[in-house]
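Look for chain A in each of the two complexes below; its partner is chain B in the first and chain C in the second.
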Partner chain A sequence: MSRRVWIFVLAAPVVAAAALLISGGRSVTASAGQAPASSAEVKIDNFSFGPTTLTVAPGTTVTWTNRDDIPHTVVSDDKVFKSKVLDTDEKFSFTFTKPGTYGYFCSIHPKMTGKVVVQ
Partner chain B sequence: MIGVAKAFDPGTVLLAKHAQHVVLVHFPIALFLTGVAFDWVARWKKRKALAEAAYYNLLLAAASTLPVVVTGVLAWQFQLEGERLKGILLLHLVMGWASTLLICAVWWVHFRARRRGTASPGYLRVVECVAVAAVALTGHLGGFLSGVSGG
Partner chain C sequence: MTTKVKDEILHDHNHDGIDRRGFLKCMAWAGTGALCVMQGGVLKSYGLSRLSDLGGRAPAAGELSFAQISDSHMGFNKPANPDVAGTLKAAVDKINGLSTAPEFLLHTGDISHLSKPEEFDTVDQILKATGKEVFFVPGEHDVLNDDGAQFRERYGKGAKGAGWYSFEKKGVHFIGLVNVMNLKAGGLGTLGREQLEWLEDDVKHLKHSTPLVVFAHIPLWTVYPDWGWGTDDSAQALAYLKKFGSVTVLNGHIHQTMQKVEGTVTFHTAASTAFPQPEPGKAPSPGPMKVPAEQLRSVLGITDVNYVRGQQALAVVDSSLA
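Up next is the complex of A and B:
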């Protein structure tokens, strides 16, 4: 066998593997991008909600986690949802089924506000 | 300018969510601490005028605890819908009640001594020290909760 053939025989599986890897990765990324997000997180820290405005698809469950040393609550402006007092590391979740804009605040610290946009 | 206008709008000030307790609480704290300080200096310097000033500061401190307790309980009932408290909120509530009782007790002992025309009893100094510590701790917890201190 000539030297060129040997190079081809050795390189072919490597090239094929690399091609499969790249194409497989692309397909995973694509499927991840197409599927609607089913959950999202809002962090409560330093007397603020982060992100302040969260945009999600209908059916998404949003979970608020209190990372602050201070107790906080999550109460929607129009009383659609309302958490109990959340101590440090406690969580509250709500599933948004209807499109719309849901403003919310902390009832202990009313200056803390946030918004969930469902679209 | 909108902010300035809002600061002087009675509706905004009176109906602000949960703001009254945070504002009113400063009156008994300041009056009580000043009253105790005057009382101690009055004893040390034997100044009757300072003792009078101490008494009226303590009287006003005791009286001003009433709106503070009422607005605190209302904030709990309205903002948290009377939810069972825990952690810092519960500690603040318990210390608030203890401070209120101690402030009223200090004034009451002073009031009784004045009515009898006698000097206030020696144990009152200890009660005053405990009350000052309780007020300071309650205030610290309140400040921590509201984000003024600590957080």
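Up next is the complex of A and C:
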């Protein structure tokens, strides 16, 4: 393999790893020639969403994981997205393509609210 | 508590021999398994172990006895209680052992934990052992994924809207309300306009001397708004009940017993048969509270309610599963 191609192939996983560190996401796939997908996480625990406000770039997939010992849901205030019931360790993902502020709450425990800001 | 205590009547507003101070004092004892009985104009308390002092009462004509259970959360299996079926069975044993047999049961919701058919089936199976009719209202855990369609199919035959209804037993009017549907972000429980209009109409023609028992899952008074423990439009509901001489409100949801008396309305919440929750503000969140295994049954319980015709206030007694 020529050196140029070698560096290119090496660069892609490095960029992917950097994206991983920045976004804290887990599901990152990168192959030579492709820009890495970005992802972000919200942890549900103790009747709250953490972080309560999450700011991401358009195209980010946000994954909510329920770490609480009681089920919760993730329901958009404006009907943009809605999870099924998430028991402990279950997840829900949604990819935000349009910029905007997306408020959401748990429909079982409506005092639990959160926000995803896409910009 | 096994000693007899006499209380002096200071202000007898309802002319039934119980004043607010005496009633509240009695209700505080109820958490330890005491029975408060009006006899000869004097409020007496008896430990549950000395119920034979009351003459092993069988219900007389004009007397009504029923039991309330709540928050069975069938399907829950985390450390706070890995065997909710076992503790529900213990509650059934407690009910079957009451000296005055209840005529029927009220279940104030969160029957299931995840609205799964097998969870409802298991509760139905276990409650069959009481041999009693059970009247249900849903909790938020019972209406997941399908807007309550399954709940209504199982327990809401003849009910209106999201599952509200009323019925009469021995001259006492029972009203089952649903305050767990269409919850809004940041909100509390809610009854909604359709249900409130139905309620106004339902009680319109009742004599004001008719005792009312209103049962719903989330408390109909504001216990702790930060944790969603309240109903945003319950004041409107209570306004329709203002003229009645005896209103008993029975709720669940908070997994601990709590009572409040406001004029002619007595509010009471039941313990869960599954797991306890912390007292308002005593923990970062209202989730399942772990206690040492040998203490679990002492923080779970049932509620026994007795009404004697002619007396204003219903006797509401909690007993734990210990």
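Here is the rule we go by: the second predicted complex is superposed on the first by the 82 of 119 C-alpha atoms of A that agree within 3 Å, B and C clash if a C-alpha of one lies under 4 Å from a C-alpha of the other, contacts with A are read in each partner's own complex, and residues count from 1 in each chain.
Methods note: contacts are C-beta pairs under 8 Å (C-beta built on N, C-alpha and C of every residue); 3 or more make two chains touch, one makes a residue touch a chain.
Predicted model, so just to flag it, every value in this text is computed and none were measured.
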item	value
Simultaneous placement of chain C and chain B on chain A, clash or fit	clash
Which of chain B and chain C A:F47 touches, first, second, both or neither	both
Contacts of A:G103 with chain B and chain C, given as first, second, both or neither	second
Partner chain in contact with A:D78 - chain B first, chain C second, else both or neither	neither
More chain A residues in contact - chain B or chain C	C
Offending stretch of chain C which, after superposing on A, collides with chain B (from 77-85, 95-103 or 221-229)	95-103
Intersection of chain A interface sets (partners chain B, chain C)	46-47, 68-71, 73, 84-85, 87, 107-110
Chain A-touching residues of chain B, taken from the complex the two chains share	16-18, 79-80, 83, 85-89, 144-147, 150-151
Interface residues, chain A side, partner chain C - complex	46-48, 68-71, 73, 77, 84-85, 87-88, 103-105, 107-111, 113
Touching residues on chain A, where the partner in the complex is chain B	46-47, 68-71, 73, 84-85, 87, 107-110
Chain A-touching residues of chain C, taken from the complex the two chains share	78-80, 113-115, 140-141, 144-145, 183-188, 226-228, 284-288
